[in-house]
Structure formats: structure tokens, C-alpha cells
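Quick one: structure below, then a few questions.
Order as written gives the chain letters A, B, C, D and E; numbering starts at 1 within each chain.
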């Protein structure tokens, strides 16, 4: 999370040291034609924008290293300094704000890389006949939109720039579906794993997914509010025909929120599964200990009994004590004791093997 | 869950490979007569619809394999492409949307098959004198409605097409009751099972029911919102007399939500029951171990004591040591020790059999 | 829970097989006089109602076996078929609906019988000068109201029929107080029982009370909404003077909801108490095991030590081995060992009896 | 909790048998003078009230045994019977109701006596130039207000009777602060106690405080709503200048609610602390058992080993068996075994004393 | 928490004994010039304020020991006594109140010192061309604002006094970010620590952070409400241009609330981690005990078996009992038994080392 240092003047652009260099790609199109160009400065933008006032323009800007360019861009398109600060301080909630003839949208672009969810920002300024997108990375998810402009399929080129802005935000939200599906698969796998083998590592992964879901929920919530703002606030830049499409995206947001909420409840269940799995393991360990002990402790007592040294003859007086352990001198004493011990073991095994033996045992005693 | 690939043009119909072939059944009726027909193309639909403008038409369409037909149908009845996409992408929340002279309803049709809840979609377009239903499966729950049209009982044929649309959605919601009842029965059984035998399999079933309840709650919530939209939004296609019926269905939705919420709380209790059952088992196991150990450990000590080899005669010097274990040479030594051990066992059993023995024991020591 | 089979025509009366036979008791009164009668048909009702248009009428109807009567009644008083269905399908949330010159109220009548809460329905239709109550059982809680009409005490006979409807609903809600008090007493008893003896049966009773509270909360919530509807919706049938009384009942509903919510929190605490009680029991059992083991295991080792057979004389060579267990031949060997063992036991008892011995022991080792 | 029996006529005063006898203290004052008197009947009240119409009157009434007086008072000041019932049935939520020229306030007066929170009611009727307070006990918290009237300090005597009503309610709410502070201190003490010694008694006290907090939260919530009603509802009896003071009390209510909510979360943490403390105790007990067992069980095996009676000479044949336990006849056998056992004990102690020994042990095996 | 004693007259200033002495620093500036001065009395303030009516004034007041000064200040700037009481009673929720030509803001200033969060109050009065700040400590976080006024950078000096008030509150909120970051770092560390070593001290720190988060959430919530009040309530003192900045701060508040909420969920997870870590430890301890017991108990039985004294010769009769323990006299008896015991140990180790041995063992038996 990047933010200005406390006390900095509001609206000051706080360009990070590792910002990428400026890259401007532009489209301008109407129903009949489209053009694509690489631009290099605000002058290029201004020249194209002013020479084709009847066409829709998309200025696709990447890399924030050139602070002067961003400030001039803000001045030219009447962008408020606080909005430009929000573009550069790239952790903003999704939102939609109208200001002096344009609407400022921010979207969170999520992409999963090696189970880590990357959370980038797409900033969009929508004016009467232009869309400006700003991103601080070069790779993005917008290629399907570029292709749809190039191919002229669908209604893209027939509609005004608000439809382009909608399409850009829609593709971002569409990309949440596969991300959530993978998350859901991981949760299913974790449930199986936790049931059979509750390791600390699996618990760690559950907690990690839980954190992801908390931030996803926050993002979905804001995306939904953003779409709601578009539908209710009556921004002049969004025409009625496009509003139907935004309602569709609004529905998608609610669907996504439902999924995230379900996953959150699943995560809570997984913690329960983990705890019960650990308890089960302990139960198993204790059962083993108890069975072994319960079988051998009486046997050990018996063999100890016949290891006592009570003497049949008093060495001092020579008296014969016939009641001192006569079993030891019986011809079948040893074999009898062995048989008794085997019977005890078999009886115990039968007792415990029958379901519910524990309960019976603990109630009886 | 099926959805368009990210970046697809909005409104593109994404027909799955295993879609069923087209099947159109039509009803047209008024208070005095009704007709039923199998239609095969949009032309058939158009012919029937335009030849009987004074009657109510129900076009009951199943199977989505014919993409061209769906697109033409949309064009003919002025259905928005996004709505037709929602029909085909069959996971939509229940909702009601008005658009160009018709209302678009979606309902979730739930049916239980082998404890798995099947979640299908019923899409309904309600116009001034027509109802179009679209489903991607052949079997459905709508036969009672078809019979009521055929038999002309009740008010069905006397009222306009909005009452038909209401009846279709009402029968879907009525079918939630037996489903929830079965779920409730399963929860009751699970509670008994968990109390006596907390297995991992039972836990799994609890978690499974919990997931079902989460998605049921989501559906109920949306159904209720849908009904509320019908009641408040003043759709021109729904007349005042039918609105009373929608209010009744709205009440049913709230009742169903109440049931689902109660079941969710029961599920939470079941997790508690499971945990406490596992703890109880552990307690029982440990009690058995402790009782066995507590009884035999002192006895084993005693027999070990008299297994010591302290000698009455020093073999080296021949001195007689009268204080070395004189008990061993007493004529009644063995029998005395045996009696002492029996007394110890009986005393312990009395101690532990009396309720609260554990507490006394752990406090005393 | 009773409901129509899915697909049944809405408004169809689904009379259960065991419905009681019809019983109509009527009151008609004004400030100066009152009359009471047993009626037997709709004609009787009509005759009385039309002959005394200036008086307040209460038709107190019990038993739903006569379907024809109910349908005619609905027709005569312009009751909607769906409302009559709600009367017969006796599980409805408390609600208030205005329809064609009357207000339809439903109340849940709760009575406890052998710790099972019976949940019956009281349906009330309030018109300009009549009140119709419908119940499917003969015994009810309304006798105090009947007595107040007969005795003419209080304002009952001076006010119009809306005050009668209020009184009927108020007495139903007043009966929730003793019910909740008994529930509260049972919860207090359970807390004591769980603290000392956490049985499965007690847990079962907690879960049972929890389920009761969940449905009570639902009922209270709906009762409160019903009262709120009466206060806000401006039903023409409820005059301003009576509205003050409804506000009082509304306050009672909120009080009852507060009580139910508190009890729900108490139930949650009881689960905690149960779990901690079970853990305590385990701790006690384990303490007993550990103390017994810790005392006897070292002693058993010692007696085992002196049960070893190391020989002072090599039987083969006759060599004398003076270092092999000389203790055994010392005159005071046995008595010394016995004293040593007694000292060990006393030392351990002192160690464990002093508070905190466990912690010290586990830290030291 | 006291309430009328179910079915009682609304507004009937249900005076309890142990009600205190009537006690009326009156103040009447304006900016320049004040008078104080003991009154004994409604006639006294009427005489004073009617003779000084330009002054503010405070009738401070205690003790409800005189039912006739209360009914006459209600008639004279146009108090609704339901309001008078609320005064006597002394468990009412804090609320503010306007009715026929006066506002009826109820406040909960909390006082702690021996860790039990006493919950009394202060009922206030505020009219144009009078305040009537009703309480069923003689001692109260209002002496600071009486002193402020007597001393004429502050703005009390300069402002109208609504400021007096505000002051009375404000002093009640101010008294919640020290009460909550003591509760907070008790919670802090309990946390320390539970950490070191999780007894059942401490758990009981946590549950008791939790119940207190639940009812405190309910009261705060209602007090806040009451203040909000005063601020929003525009009661004619409360003038604009006094409204600022009510806003201040409203802020205090929110502060108090915040404190109560924090304490509730602390209570939930305490349950967690209790559970973890109990688990810790079990862990300590089991560690002691395990260490003792792990050290002595192998030793006991060894001494048992050398207690076996394998014989070097077959008594039957006289054959010499040199492989049967030659250790027993070695001159240094005993001393060697003793040394070996000491080495085993030392090795085990080193192993377990080193942090993490358990984990290593359980992983290794 | 400091508050007036119950019953104190509202608006009475309750100066604490250790209040710091008065310190007034003043700025007055417009776009072209700025001045800075140390003032010493209300006369100084009045002189400066009245002599430069066209400039913006900031009176930066610290130390509350001079009660007379505060009362005179309140009178001069028409500050309500209750507001001045809120300034001195330094625990107020963040809020914004308009009163007689000024807006009164309170902010909570949080600073961390040795992991304890200090919670001070900044009170701001904003009038048409003045800002008064009141704090009860000398050190504060406002130096960046003072520097921005001095340096004249940014828009500070070009805008009216409402922008200054905004900047003061914004810097306070900006300082929450690093505070929360440190809290987040501590939570991450705690998770690692709890995973490996669940000590009571770590649990204590979790509970401490949880308490901090509860009060932080309360503060954020109120800050957000305050900002919302500024945006919605249309205070005359805040002009439209500044409102955009307040909207930015409002966004920051929501961001901070999101972070605090996430941290709260993390804290709840940490309790889970703690409990599962403790359970794991117990499992490990019990595994060690069980393995040691399971290996040695059968061996001890075997050696006990051959320690029995069954005799081959009856000393009384001289009869030879060949079936009494012939193993003892076999030449290879001892070596055979030793080998058998080694085989048993190896078999058990193999059994338990293979993953899942416990489950198999507990199922088999």
C-alpha cells in the first residue's frame, strides 16, 4: 500500500522511484473507421484530440515516471489534483466521481500469479468523446477490448465513449470469475486435506485464503457501490443505452459478492474441520495408548504376582508354610496362568472391538 | 456455474456443446377456450401470436442448441441481447427487470436428486398478452400449471397473462417447501447421529448441508427481492388484481427465508454437538485408562515389593538378617497380601463409582 | 407446518382430515347492552349482523371442517381467497393486511404444555363494526376478553370494534411473558446443572431451548412489524384513540424481543459452559491419572531394582562378587528402602498439594 | 420484572403489595426565588400549581401505595391510563412520548450494590411549566439537582421546566460512567485471574458480567433512541435552547454505548482466555505425566529384564547354560547397569529440557 | 477517560490539577503575506483578530490551566459552554457541530509510544475567517501545516480558513496510516510466533491489539461520520471548493476502516491459531507418551513373565514339574527372548513410522 507521507500537501504527486517510463497508445474511431497510434507527449494527444472532434478517443497511458506529463495532462483535461493523486497512489477503492465534465473511475485489476493475488489499479477518465486509462504496469487485461475495436464486431464502434469505459470495467470484473473459481478449487482441496491430515501448513493456507477473501470482499463491495452510483447518480457522460450494460455488470458484482461470501463461510467451516481433525487425531492416539495399557497392565500385575518371593520354607526355623503361593509348585501352574492371561486378552479385545465398548466401560466403572 | 469468457462481447450467446435441441410447446387460451400445439420455428410462433391477438399465449421453449432461433426470438419480441445472454448463461440470481414492453423474470428451480440439489433456471418473459418460458432441460415442475390451463379450473383462464407468470413462479417457490422439509429431517437425523457417534462422514454431511443452505439463502433472498420489486416497481405488465397474488408469494419467500435461517442456526449447533461428542469420547477413553491404571498400578507396586530379593542370610558371612522382609516367611503372608489387594480394589471401585469421585480425587490430591 | 401441495391453485382451501367441526359463538354489544349467542350457519351470522347495524359484532368461529361455510363467509365479508387460505393453512407469520374494507390480522398463540411450546394461529378480520376470529382449536386464551365484555368494566364496550381487535391481540402477547419467564428459569437451572455435571441430556435441552428461541424471535419480530404497520399504515379501520393502545402493545413487543435476544445470548454462553465443563472433567481425570502414576512409577522402579537377580556368587566358578547388590544383604536394607519410598511419596504429595505444582513441574522439566 | 397478568384491562394500575406510602416533595421557582414544600394530597398539588401559574413546578412523588391518588393525578394532568400503568409497572424501556400537552419520559436508574446492579425506574412528566417525577423508592440520585435549584447556581432557575427535565435525565446518565468504570476494573482483574488460574467461579463471574452488559446495552440503546426522539420529533414542550443540552446527552449515550460494546468484546475474549487457560493446564499435567513415564518406563524395563529367572543350571539335568544371563554373574554387572540407567536418565533430561524436544520426539518417532 | 462528576452543572469546566499552562501561537495570512506571533491573553487575540478582518487567523492554543481565559474565549467567539466543556473533558468522539456562526470539530490524535497508543484530542473551531485549535499537550502533529503556511507552497494561503481546518484534520488522519502499518506488522509477527510457540504472553499481546483495534474502529467510524456530516450538512463555513478535499479525506476514512476491519478479522484468526497450536502441542506430548508406552509395556510384560517363580521342583515333595517354565532352563532361552523383544520393537517402530499408523491402530483395535 502506497500513500503520501502524513502532512504532505493534498494533491501532490508522489511518484515512486521505480515508476515505469511513459507509454501512450491511442485509438480513435467511429462506426466507419478506426485508427491506432503511438503518442509520445501531451502535444501529440492534444493534436489528435482537437483534430478529430467527432470521433471517440481512447488514450491508453502506462507508466508514471513523467510527473510533468501527468500534471499537464490533468490541467488539459481539467482533472482535479486529488484525482491525479489517486491515480498515482495506486491503492484506491473502486469508485466513480463526477467532476467538471468527466467521470473518474477506479477499478482493481486482480491477477493470480503463483497463488499470490496481484492487485493493480486501472484508472479511467470518461469525457464526452474520450476515455483516458492510466496504469502503472505495461501488461494488462484489456487486449480483448483492443481487438474488439480493431475488428469492429459487436456494438463497440457504434456506441459512444461511455460504452468503451463500460467495456473496460466489465472485462476487469469478468476476470474475477476464473480467479474465484481457482480459489474455490483450492478450498475444496483443502477441505479434503484437512479431513485426513490436519497439518500446520494447510492451516496456514486456509488463513492466507481467508485474508485474500477479506480483501476481495472489500473490493467487490466497492465495485458494486461504484456500479450503483453509475446507475443512480445520473452522470451526464453515461447515456441511457449504456446504463443497461452497467446494470448487467452490477448484477455480476452481486453474483461475485455472493460467491465471495459463500467462500468466506466455507473458510470458517475449514477452521472447524481443522480443529475437529486435530481432536480426532488425539482421540486415536489416546485410544491406542488406552488399549495397549488396558491389555497389558493386568497381565503385568499377574506376572508380578507370581514373581513374589513368599517362601514355603522359613529358612530360619525350617517351618513349612503350605499357604504361601502353592500355585508355584503345582505341576500345571505355569500353563494355567498362561491360559488365564490369553483368556483375559481375548475377552478385552472382544469387549473393545464391539462398538461402544468405551462408553460401556466408562459407565460401568 | 457457466459464464462467458472474460472479454467476450456483452450479449454474445455462448451456447454450450451439450445443449439440448429445440422444443416449443404452446398454449393459447381465454376464458372460454384453450388450444395446445407443438411449434417448430419462430415462424410458427409468429403465426400463432399474430393470428390470435385477443388470447393469452404461452410459448414454452426448451433446449438452447439453436442459437439462430434464440437471436431471432429476441429480435421479434424486442428482448435485449443481455437478457438473452442471461437466459443461456444459466446461473442468474432470481430477478425481475422491465425492458421495452415486457418484464424479464428469472427463477431458480431446485430439485433434489440423491441428496444433491439440482439448481436449474426458469427464464420468463411476460408481455401484454404473452408469456415465454425458457429452460435448458426437458423435465420441469410446471405440469400442475399446464393441467390447470387444460382443466380451466380456478381463475387461471379468466385472468390475463401476468397471472400465468405468477403461477409459474409460485409453483417453483412452492416446491422449495418439501425440499426444505427433507433437509430438516436430515438435520434431525444428523443431530441424533452426532450425539451418539461423531464420525467424520457425519461431519462431512453437515458441511455439505451447510453449503446447500448458504446457496438456498442466497436464492431466497433474491426471490424475495424479486417479489418486492414486482410489488413496488409498478410494472405496467402486472395488474393490480395479480399483485395481491404476488404479495402472497412474497409472504412465502419470507417464510422460506425464516426456515433457511433457522436451519443455518441448527447447522451451527450441530458443529457444536460434534465437537462436544468428540470431547466426550476422549473423556470416556481417558476414564477407562485412568481407572485401569489407578487400580492396577498400586497392586503392581505391591507385588513388585514382595518380588525384591532382600536376603535373610548373607551368603558371604552367613549372618541372619531378621528385618529383611519377614513377611515373606510368615505362614499367612501370601494370603494376607492377596486380601489386602482385594480390599484396595474394592475401596477404589467404591470411590470411583460414587458420583463425583473424580472431582474429589483431583481436589484432594 | 401445513401448506398446500406445490402447484395447487392459489386460494384453494386445503382442509385437513382431522379438522374440528364448526362452532360459532357471537357477541354484539354497545356501551349500554351486550348479547351473546351460539350461531350455527352463515345465515345466523347474516341475520344478526344485518339486524343490528349500530352495534359491534364479534363472531368467534372455531373448527374448520365445513369448507363450504368458510367459502361463503369469505364471499359475504369480501375476504380474499388467499386470506381465507392463510386462515386454514395455519402456519402464517403475524401480519396485518388491509383489503376491501377490512384488516386481516394473524397472531401466533403460544402455550407451553410439558416443556413443548404449542404454536397455534389466531386469525382476526376487523371491519367497521365487526370482528371475526377464526381458530382451529376449541380452547383458547381469550376468556379474559369475553369476561370484560360481559362485565362491561373498563372501556371495552364504550369503544368501537378496533379496540376489541386490539384487546384480542394484546392478550395473546401478554401470554408470552409467563412463557418466557419459565424459559428463563429453565435456562438458569441448566446453567447450574452444566457447571457441575455436563451431560449429553442437558446439552440436548439447551439445543431444544435454542430452537424454541429462534422461532420465538421470528414470531416477535413479525409481531413487532405487524404493530408497526398498524401504527404507520393508517388503516381506516383503526381509529386514533385505539392507536395509542397499539403503541403500548408495540412497546411490549420490543420488550419481549429484548428478552428473547438476551436469552439467545445466554444459550450461547451455556454452550461455552458445557464445553468448559467437559474440559474440566477431562482435566480432573488426567490429574488423577498423573498423580497416581507419578507417585507409583518411581516406587515400582525401585522395587523392580531390588528384584534383579545379580548374583554375589558365580555358580560356575564360585567366585564371590561383592559389588553385586550388597544392599540386599545388609541387615537394614529392607527397612531403609521402605523408608526411602515413604519419603519419596511424602515429598511428591507436598509438591503437588502446593498450588501451582503442575506449572512448576512442567517448567522445571 | 413486574407486569400485569395476561388479559388484565389495559391501563389498570397493578399496585404491588409492598409499595411504599406516598411522599410528595415540591419545588416551585423562577429566576428570582424558589420555594420548597412537603405536600400530602392532590389538593395540595392543585393549590400550589394553580396559585403560581408563572413559576416552574417540580412535583417529586415517591411511593405508589395510594392507587386513588395516582388515578386522580393522571386525571388532573391529563395523563393517559397506559402511561400511568407504565409508571407503576416499573420495568419500562427508556422512552419519550408526547400526549395531550405533556411529554412522558422514562429513565432507568442504575446503582451498584455489592456487585449486583439495581435497576430502578424514574418516570418524568414534562408540561409547559411543570415537571412531575415518580419513583417507587425513597432514595435516589437526584440530590445534586435539588441542590442546584436551591443554590441558584448555573442556568437552572433561569430556564424553563424542560431544562429541569433534561437535568434529571442527565444526572441519571452521568451515573452510568462510574458504574461502567467499576465493571471495566472487574473485567481487567478477571483477565489476570483467568490467565493464571481458570476456576469455575471466575467463569461464573464472567457470565454474570456478560448478562449485566447485555441488559446495559439494551438500556443504552433505548436511552439513545429516547434522546434522538427528543432531538428529531420537535416536542413543543422542549424549547430550542434546551435541545442543545439534549444533544450533549445524546453524545454521552453514544459514548456509553461504545464503552458497553467494547466491554462485550472483552467478555468474549475472556471466554477465549478461559478456554486456553484450561487447555494450558491440561498440557502441563500431561507433560508431567509424560516426562515421568518416559524416564521411568525404560528403567523399569531394564530392572525387570534382570529380574528374569533364566537359569545357568538346569536343575533336572545339571547342565550348565553359559548363555543364560551371564551379566548377572559378572563382578561389575550391577554397577554397570546402574551407570547405564543414570546415563539414560541424563540423556532424556537433556533431550526434553532443550526447547522443542517434544516436537522433535514426536516427529522422529 | 475524564468526565465531570455526576450531577455537575452542564457546561462547567472541570480543569484537571495537572493541566499545562496557557500557550497561544497565532498565524494570520492571506495569499500575499503571513505573520506569526506569540500571544498571551484574550486581549492579544482580540486585538489581532479585529485589526486584520480581511486575513485568515489561526489561534493555536495549548494548555488548559487558565479556566478564566477559556470562559472568556468562549464568550468572545460565541462558543457554547457545552462545547468548551467538550474541549476540556478530553475524551470526545470525533464530531462536527455547527453553532452560531462556527463549526466545532473534534479529532482524535493517535500516536504510538512503546506499543501503547496515546489518544489525545484536537478541538477545532472554524469561523468565517478564523480557526481556533485547542490541545492539552504541547507536542503535536501539526508542524507540516505550520511549514506549509510559512512556505506558502500549495494552495494553503490562497484558500480560506476552511481549507486550513481541513488540512489540520487531514494530517491527523494521515498519521493513522503508519500507526496501522506497525500494528499490521506486529500481527504478522504474532501469527508466526503463535504457530511455532503458543505462549501466554503472545496471547496477551493479541488481546491487547484486539482492544486497540476495537477503539480504533470506533474512532474511524466517528471520523467517517464527521466527514459525512461535513459533506451532507451544508455547513455555511465550508465552501464548495474545500468540500472536494473533505470528500478525499472521507475516502481515506473508509480505507482506514477497511484496514481496521481486516485486522480485526486477522485477530480472530490468531485466536484460532493459538488454540490449534496448543492442541498440536498436546498431540505431540501424547504421541511421545503413547509411543514410549506402547513400545515398553509389552516388553515389561515379557520380562515380568520370566521373572515368575514357578518352580520345577516342589520343595515339599521333591516332585519334578517339567511344564513349569521349561524356557528358563533352555540353553538359548535368554538369547531367544532378547531377540524376540528386539523384533517386537522393530515391528512397532515400522508400524508407527509409516504415516497413518495411528489411524490404522485405532481402527484395528
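Operating definition for what follows: contacts are C-beta pairs under 8 Å (C-beta built on N, C-alpha and C of every residue); 3 or more make two chains touch, one makes a residue touch a chain.
Just so it is clear, the model here is predicted, and its values are computed rather than measured.
Trainee: Find out how few touching-chain steps suffice to connect chain A with chain E.
Mentor: Between chain A and chain E, the shortest chain-hopping route counts 1.
Trainee: Shared numbers divided by all numbers used: is that above or below half for chain D and chain E, i.e. same or different?
Mentor: Mostly different residues.
Trainee: Would you kindly give the rotation angle relating chain C to chain D, two copies of one sequence, based on a CA superposition and rounded to a multiple of 5 degrees?
Mentor: 70
Trainee: Can you compute the centre-to-centre distance for chain B and chain E, using the mean CA position of each chain? Integer Å is fine.
Mentor: 39
Trainee: How big is the gap, in whole Å, between where the Cα atoms of chain A centre and where those of chain B centre?
Mentor: Distance between chain centres: 24 Å.
Trainee: Could you say which residues in chain D touch two or more other chains, in rising order?
Mentor: Residue numbers touching two or more other chains: 275, 279, 282-283, 286-287, 289, 293, 297, 300, 304, 307-309, 325.
Trainee: Looking at which chains touch, is this a line, ring, star, complete or other?
Mentor: Looks like a ring, each chain touching just two neighbours.
Trainee: Can you list the chain C residues touching chain D in their complex?
Mentor: So the residues of chain C touching chain D come out as 141, 143-145, 148, 153-156, 167, 170-171, 174-175, 177-178, 181, 191, 195, 244-245, 247-248, 251, 254-255, 258, 261-262, 265-266, 269, 272-273, 275-276, 279-280, 282-283, 286-287, 289-290, 293-294, 297-298, 300-301, 304-305, 307-311, 314-316, 319, 321, 323-325, 358-359, 361-362, 365.
Trainee: Quick one: which bits of chain B touch chain A in the complex? Just the residue numbers, please.
Mentor: 1, 3-12, 80, 82, 86, 91-93, 95, 97, 99, 200, 203-204, 207, 210-211, 214-215, 218, 271, 274-275, 278-279, 281-289, 291-293, 296-297, 299-300, 303-304, 306-309, 312-313, 320, 322, 325, 327-335, 337, 349, 352-353
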